[in-house]
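First subunit A sits with subunit B, and in the next complex the same chain sits with subunit C.
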Partner chain A sequence: MPSPADQTASGSGAPLAHRLGRLDPYWWLVAPLLIVTIGLFLVPLFNILLLSVTDPEPGLQNYERLATASAPMRVFMTTLRICAVTTVIAIVLGYCVAYAMAHLEGLHQRLLLVAVLIPLWVSVLVRAFSWLVLLRDQGPVNDWLIGAGLIDEPLKLVRNELGVVIGMVHYLIPYAVLPIYAVMRGLDNRLLFASRSLGASPATTFFRVYLPLTLPGVFAAMVIVFVFGLGFYVTPAVLGGGRVVMLAESVSVAILQTVRWGYGAAQSVVLLVLTLILIGIMGRTVGLKRGFG
Partner chain B sequence: MTATPAAGPDICLTGLSKHYGPFKALDNVHLTVAPGEFLTLLGPSGSGKSTLLMALAGFVEPTRGDITVGGRSVVALAPEKRDFGVVFQGYALFPHMSVADNVGYPLKIRRLPKPEIAARVKEALALVQLDHLAKRNPKQLSGGQQQRVALARALVFSPEILLLDEPMGALDKKLRGDLQMELRQLHRKLGRTFVNVTHDQEEAMAMSDRIAIMRAGRIEQVGAPRDLYDMPETRFVADFLGKSNFLEGRVRQADAEIAVVETADGMIRHAQRGLVLRAGDDALLALRPQKIGLGGDGADNELPAVVETAIFLGTHAEITARTGSGLVLGINLAIDRAEALPDEGTGVTLTFGAASTTAVRDD
Partner chain C sequence: MDRDLHREDSLALVKDLYAKGRVNRRDFLSLCAILGASAAGASLGGRKALAADEITISNFGGDAIKAYTDAWTAPFTADTGVNVAIDGAGPLPGNIKKMVDEKNVIWDVSDGDAFYGLQLGPDYLEPIDYSVVDPAGFFDWNKYPLSAGNYVYSYVLAYDKTKLPEAPTSWADLFDLKKFPGKRTLWKWFMGMPEIFMLAAGKAPEDVYPIDMKLVVEMVKSLGDNLVLWDSGASSQQLFLDGEVVMGNIWNTRCSVLERDTEGRVTWTWNQQIVSPGAWCIPKGGKKLDIAQKFIASTQDPKRQITLLDALGNGPANPAALPLLTEEQKRINPTSHLDVGVIRNEQWYAENYDNELNTWLDAIAG
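== the complex of A and B ==
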């Protein structure tokens, strides 16, 4: 901080120097990223907004189409349904994994943690095609089920919503596990001891003490998983086999195939707004901070 | 004293051990707690006192030995089947429940009808003078208030035995004193068995009927606070419960009443009580700082020494003095005898009676 004496001495250059001097120098470390983010993300995003009300001609006809036509509504409902189902399954499975991780010790715990994290490093494309191979009619899963005499006809495990859900759950489980695990780790074991000493069985202790106290982690995980799910593109495209169209793919069709950029932009804006609203609602009702903190 | 007549079961620990690999957290502990007694497990950290309490509560499974309550073994019983009230270190109040819900929890678990739960919660909170805070969240309460809620929660289902794990641990000294008195009064009023764990000897002395001093997984000595203080059996107990000076030597002659011990600073006459000294034995004598006087006539023992420090502390004065052999002794002088504190560096004669020393086992 320049002293008042410095300011009067340095004359006309002082106001600018003074203002910059007040800025914490650490900001310079993120300045390049900030500039890139503004230039390459926020400005184009604004362009998309603009595009949605100007292409092919100025007006709200793109949004009108979205609101009235049946196809976009179907895409919209499919997206919400798949995300909801995926979230429920990923949270239930993730809670179990997190519980195991929080109660294992030493090497076992580290092994499980690595097992949860490794899939994050595998490309989503690779994973989608792997599931395609595994789940198709002549794939190993159906072969084994037929070989074991459990079924006669191959099950339709892929190129439908089931396939999309399987692929998405697989991708999203680590995002469900980690916030729940963080809350479980921070829980004071003495609370569980106290519950037992007061006469509660292990099961009662779980439902009356453990579960309520880990719910913030569950809610945080729900927000993350659901919001991630909304924007999924590769997994539904590959595992849905063109029959299950979610919002992101619908945008891609409008941009690349039917070349109606304004319509695609309008869908993007709807997806963005929907996401922000969801984060807002969930953040307000369940207190995101507690889950992430 | 108008104590409720003691009823209920006694607790018996026989040969209780808990091993973690080669580490013996509990090592062959034998202890009996009488019905209605206030017993404190006192010891430094790592002495096994908390492990012992948790074994009683059912959270630590003993490697060997048995715990019986009213003659019935409880070792195989799950914690929730033992019906002991437990106040945990840090209180372990449920943060997602109000004070009233915390206290009502054990009753809800027992499926009592709602009106009865409400009545008993009110009663329990009144017992600890917190009825006005029933709707608060535990986080909004002070440490002392939280402790009382934990107490009310542990007592509301009328357990015959209450286990307390460092109940004053998180409180400041002033508050601790007040709550000690309250807890003691509560114990008198309820007439139930209290087993308390602490590392604070003042707390143990202030509240307990008996104290069990623990060390390295074993019980070193059990007794009433006064007996433990006056008649410690080992160097550890003499040093842990209050301060002690130690005089080492060899017994030169001994009869039923007096033993004469030869130390590096000369012969010391010791009145026999407790551990009996025989001629030729190695002897270790514990001597409380307040049992030593400066000068005076006709004392059984006199030790010449040089004053090293002399500090006036209001209620008493603390002096340290070095004897000819280099042994440094601590002396507490009551203030009426310390009107003129000796200067540091002056020679004095330390005097104490033959009945002032206690023969203890070295360890």
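== the complex of A and C ==
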């Protein structure tokens, strides 16, 4: 129901003071953040956009190069492919962990939560190098497998896309677990009892009732994991063995080494637009709002 | 107010210690943080805060900070009273461009490759003043209007004796997977790599340039899964230490260290080395041009360059140093083996690095 204030303000001849009066005081709480965001984020972002069409000379040649050369196209495809694979694996594994966390009690649940959170506090660089040490040809994993007689040749676990995916999944799993877990915790368990008491098997209950109800959390997790993954820099650089170049690294090459800032900026803009489009598509098709509560 | 004064005084002290090398960079940064100042504001950036008799030079960090101090900056300070701070942040061309664009030039003198002078150009670099810097103290391939050779390094064929039937002798052997099976390592960032493809394909040293990139792509793909890329000197060393590769094209500076650390298991050949000119440059907009030029001149001293050779394996950029070398120093010095090498063509890189680096990254991803 509209409040009297609303009615006054929406009147066409309402004085300015009244309109300002509509500005909820809560806005003041966000004002500092808004100013910082505009000043330190949106303005530089606009500069990047500008750079991409002005450096080294005005025009769209940076975008033309992105669209026509084969190297940047491969970088884009590699980035999208790795992010997609990573997202699927992280979501499946994350769903299992979240499910366990939601159903464990007391100490066990807290232990699991800590186990999920602790990796978040370890530097991404340390984690990448740890994986490299563990998984390389002469590393403990291959040594053990060869020693056990399971394989003759070391498995190619790092310095390729597999290594990058392993490293990224490890990094991103907590970001998959937490949104899914939040939705699972908020679920009304009586719905499951109702399903069982109406004669559905545990499997049917899971697939027809539990899974659909937790999907919003899954979709939210998917967006977070995927978008996060698009910007990965250290993990692919270390675990890809130099052979997996993703977008962030490609931008860094253009900025630092070849000093083609306009070209680097154009790649950043394309990444940004791509991300926004993906979020848009997901938002429309799967009802992102429900996921983010 | 008093507190602020005390803080400023503490900052000045920390800065001084840092400049004298008594506090390392990490401690310096954390001390700045404790004192509530950003490092940029305290010493690295704020020119006003600096004493008049201090300059900052950049290099690529690690062991090179101590080595540069011993070889170059400490003697310079002793001679002139000018303190020299070394910032090991890694002066890639993009970092220099950023500083100049932002009119916040921290590095009075920057380490780098000779081709920076050609790549960045006169909008970003000050000309070297060859009335201060001795024009005779160079080879004819490491002296440029905007960059002046400070040392010479090279890309050489390193190999693990225990993992190969016989010692490889030329780049053609690196591509011979039948005779020399096993993984090989090349530099991810391309420079010093395409030359070896041309030599392996049988081109004469004088016909290496212009590089035939089609051939490079074809040949690098032929290595398939046997190719491992190194992306830092340390990683190239680690690959050999761990026995993950049997041979590769790595910096000579890492080879002598590897030979020592592996007790001769890993060694190298100078044959067909790709000789590369390291060089000083002066980012445009620095306030202490005179001192910068004098500092560069001081680093030409043959003895100081030999000190650096002993510490890091970086070869003297001044030919006058060559007759002074001992046999052991000659053994690890790239400029004592120029007869079997190819000089990297800085002009080719200045013109083609942007495009061909991308071609290369695309090819090695395959």
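The criterion applied here is as follows: the second predicted complex is superposed on the first by the 253 of 293 C-alpha atoms of A that agree within 3 Å, B and C clash if a C-alpha of one lies under 4 Å from a C-alpha of the other, contacts with A are read in each partner's own complex, and residues count from 1 in each chain.
Here is the rule we go by: a contact is a pair of C-beta atoms (placed from the backbone, for glycine too) under 8 Å apart; a residue touches a chain by one contact, two chains touch by 3 or more.
Because the structure is predicted, anything quoted here is derived from the model rather than measured.
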| item | value |
| --- | --- |
| Fit-or-clash call for subunit B and subunit C when the two complexes are aligned on subunit A | fit |
| Touch count on subunit A, higher of subunit B and subunit C | C |
| Touching partner for A:Lys156 - first (subunit B), second (subunit C), both, neither | second |
| Touched partner set for A:Ile82, first subunit B, second subunit C, both or neither | neither |
| Partner chain(s) touched by A:Ala237 [first = subunit B, second = subunit C, both, neither] | second |
| First, second, both or neither for A:Leu191, with subunit B first and subunit C second | first |
| Touching partner for A:Ser201 - first (subunit B), second (subunit C), both, neither | first |
| Which of subunit B and subunit C A:Pro212 touches, first, second, both or neither | first |
| Smallest distance from any CA atom of subunit C to any CA atom of subunit B, in Å, after fitting | 46 |
| Common ground on subunit A, meaning residues reached by subunit C in one complex and by subunit B in the other | none |
| Residue numbers on subunit A that touch subunit B, as the complex places them | 188, 190-191, 193-201, 204, 208-209, 212-213 |
| Footprint of subunit A on subunit C - complex, ascending | 92-95, 97, 119-120, 183, 188-189, 225, 227-231, 242-244, 353-354, 357-359, 361-362, 364-365 |
| Residues of subunit A defined as touching subunit C within the complex | 69-72, 74, 78, 136-138, 156, 159, 237, 241-245, 250, 253, 255-261 |
| Complex interface listing, subunit B residues touching subunit A | 57-59, 78-80, 82-86, 88-90, 92-96, 105-106, 109-110, 153-154, 157 |
